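Here it is, the structure in full.
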Amino acid sequence: MNRRLRDNVASKLMLLATIFSSLIVFIMAFALFQRSSPILATQPLSELFLTSSWHPTKGEFGFYPFIIGTLSVTGLALILAIPICLLSTIYLAEYAPSKVRGTIKPLIDLLAGIPSVVYGLWGVLLVVPLIRYVAPFVGTTTTGYSVLAGGIVLAIMVFPIIISISDEVFRTVAFEVREASFALGATKWQTVKHVVMRKALPGFTGATILGFSRAFGETMAVLMVIGNVAKAPSSLFDPAYSLPALIANNYGEMMSIPLYDSALLFAALILLLVIAVFSILARIVLLKIERRGV
Amino acid sequence: MNKRKLEEAFFKGLMLLSTSIVVGSLLAVFAVVILNGAPALSISMLTQTPKGGYYLGKEGGILNAIIGSLYLASGATALAFLLSLPIALYLNEYAGKSRFASLTRLSLDVLWGIPSIVYGAFAFIIMLYLGARASLLWGIITVTLFVFPIMTRAIDEVVKMSPFKLREASYALGSTRLETALKVLTRQTLPGMLTAVILAFGRAIGDAASVLLTAGYTDSVPRSLFDPVATLPLAVFFQLGTPIPEVQQRAYASGVILLVLVLLLSIASRLSTRKFMKYLIK
Amino acid sequence: MFKPHISIQKLNVHYRERHVLKDITVDIPEKRITAIIGPSGCGKTTLLKSLNRLVDLVDGVKVSGNVLVDDVNIFDDGIDVTEIRKKMGLIAQMPNPLPMSIYDNIAYGPRIHGVKDERKLDQVVEHCLQEAGLWDEVKERLKEPASRLSVGQQQRLCLARALAVEPECLLCDEPTSALDPISAQYIETQLLNLKKDYTILFVTHVLRQARRLADYVIFLYLGELIEHGPAETVFTQPSNPRTKAYIEGVFG
């Protein structure tokens, strides 16, 4: 009986913990929503998103520059990362001899563990000066703190996510299908291009979506190299300001300016909602593949 | 015929280039951070706290950040484990394939992706509501929230993989679900759990955004849970932009210590997996 | 009587430490059906896959010896493996359609070898599906995914696909073992028809199938070539006692 009791009590406690974990997202969203409501009451959403003047002391909260800033740096990161990750994954999964693969895969995992401040530090020490140096050759000048710097650093940060998930996907494509292609006299590249990729593409897309979420919410590294100027960037070499950076830089003054706290917490809410949607999307895509049985 | 070979050679070249870019980036990060950080390391850097004012202090080192990070990361990892283990075991042993389990896993997926700044913002709201001040305690709470989805997912993956015949054997002997979970499953999944804990510890110690709003910052080592605490990531962030070279050195030193820590943790998790693998039933 | 098409000389295959094929020397007759028989796991599939060099894909494989096709050694250094594989069509035990439409499955082979003319591809697709006995069943739905076909239809699809690259030989690895009796019979009928144009080599562990189809028989046991010869001779008067034992069902 004692054992039964322990089992019962334990299972109730575990259930509690599990329920907590499924509710906490909603609790967080609710809390952020509550604190954002003051600013949501002042203007319709469309105006908040499309106005570009950001002067908290004057009560002006136009989120446009931050939305564009976040989207441009994330978009640039993906444009850089997708081809590099696809080609690297194909190499690692299809071409690399097992010793090479065995050495490189742990290195990529290592990339995943590096804290974002260290990426930021690296960005400040190497990427920013490099861009500052290169800019005159393309006709502009810049301090180096720019969308380009953010994009480059972010791209490197998402490499490990996209590559490790995609690698899994490629490896699960059945050998029989490849064999069929080889038996017809196809080269390895033809087999990869026409047969393997067809089966692996949905999985790669899922991995990319997850990479996008990661990049979208990245705070410190971007903050340290992007320049933090509240104006929508008009070129890659312009500085910009991302939503996460907005929150991180200004939390100290949140309480002293009216509506500022509400605005910043609204930014946090936007982050939560966008990433939640993308995470769910990625899960749906990846689940579909599991079910179809590659 | 040549066209095919040419196309293959071309793409193979691109593939090698891409892989080199990926590996090269890793090497570049390590090289730059170590080259700048290693010279900044010294005994005094590692064993003294900063003297003098906040950003202007010239002497001293980063002991405050080192100890602070260790306190915070250990506390958060331990708390997260206390939360993650029951959830992972419950999902696998009790909830099985129910809709509840799927919904929970979905929530955990979403939580996994939420950036740490959002956790920081949420914790900040709670702190305001409770009238609490930034401290080690709140830092631990925030990082626990941030890290437990990562740990839960990792442990869940490992427990999911244990062969059913193991549980069958345990039940056949008349064990309760709790006993099976605690005595059989955990032993089987020990290496995986260790890896999960190490992974979480790495994330906990390296994160800045979650502690930015909640743990405060200080030049001294915290003496209680209610003192503000310095962490290595914040030490980098706050001290990097200074014009004073001595302070900047502290930022570099913090950076290189973080990097080396991550490297060591990664090696540790691989070694532990290998060491415990022999006890596993396939 | 039997003109050799493929000449296998002292072929040895090792999978890491395992010596899977030992000193195989035999000639495969042209435009006849040759059956490779023997108990499971004796290297029959390995022998088949050596002939189109698919064994090259196995991790840690070592191959020595010569295989001459049309007087050219397929293991020579300068040889283009993809050309060899074009000459040797392979039909696997489990049907393995490519993840594409029925049409594209057949057209895949010609396309990768450079055929771009859509009209020519249409002709090839129709011709091969007819030779495989599948045309009437799929002619209205060529653009549908191949995965929607039944297992028996898929195997005929694989046969058509193999024919599309205009091979000289057909290598069949237990082509009917995964099929229902009616589909199996269909494939067997097609193979009998095809032997006038192709050299056919098939692996089977069903002796009755070998008796039905084979002109020439090769008996493999534990990686060794025990006996080979015209089907009549091997089945009625085997010279090796082990062959006799296998045929009488003592083992395997």
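Letters A, B and C mark the chains in the order given here, with residues in each chain numbered from 1 onward.
Going forward, contacts are C-beta pairs under 8 Å (C-beta built on N, C-alpha and C of every residue); 3 or more make two chains touch, one makes a residue touch a chain.
None of these values were measured; they are calculated from a predicted model.
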Reference subunit C; chain at largest CA-centroid distance: B
Centre-most chain, if every chain is reduced to its averaged C-alpha atoms: A
Top-ranked pair of chains - ranking by C-beta pairs in contact: A-B
Approximate Å spacing (C-alpha centroids) for the pair subunit B, subunit C: 54
Approximate Å spacing (C-alpha centroids) for the pair subunit A, subunit C: 50
Approximate Å spacing (C-alpha centroids) for the pair subunit A, subunit B: 17
For subunit B, residues that touch 2 or more chains besides their own: 4
Multi-partner residues of subunit A (at least 2 other chains): 187, 190
Multi-partner residues of subunit C (each touching 2 or more other chains): 82, 112
In the complex with subunit B, residue positions of subunit A that touch it: 3-4, 6-7, 10-11, 13-15, 17-18, 20-25, 28, 31-32, 35, 83-88, 90-92, 95-96, 104, 106-111, 113-122, 124-126, 156, 159, 163, 187-190, 210, 213-214, 216-220, 224, 244, 247-248, 251, 255, 264-265, 268, 271-272, 275-276, 278-280, 283
In the complex, subunit A residues that touch subunit C: 98, 176-177, 179-187, 190, 194-195, 198-199
Subunit C residues touching subunit A - in the complex, by the definition given at the top: 52, 54, 57, 59, 82-86, 88-90, 92, 94, 96-100, 108-109, 112-113, 158, 161-162, 165
Subunit B residues within the subunit A interface of the complex: 4-5, 7-8, 11-12, 14-19, 21-23, 25-26, 28-29, 32-33, 36, 83, 86-87, 89-91, 94-95, 100, 103-104, 106-122, 124-126, 128, 145, 148-149, 152, 176-179, 199, 202-203, 205-209, 212-213, 233-234, 236-237, 240, 251-252, 255, 258-259, 262-263, 265-266, 270
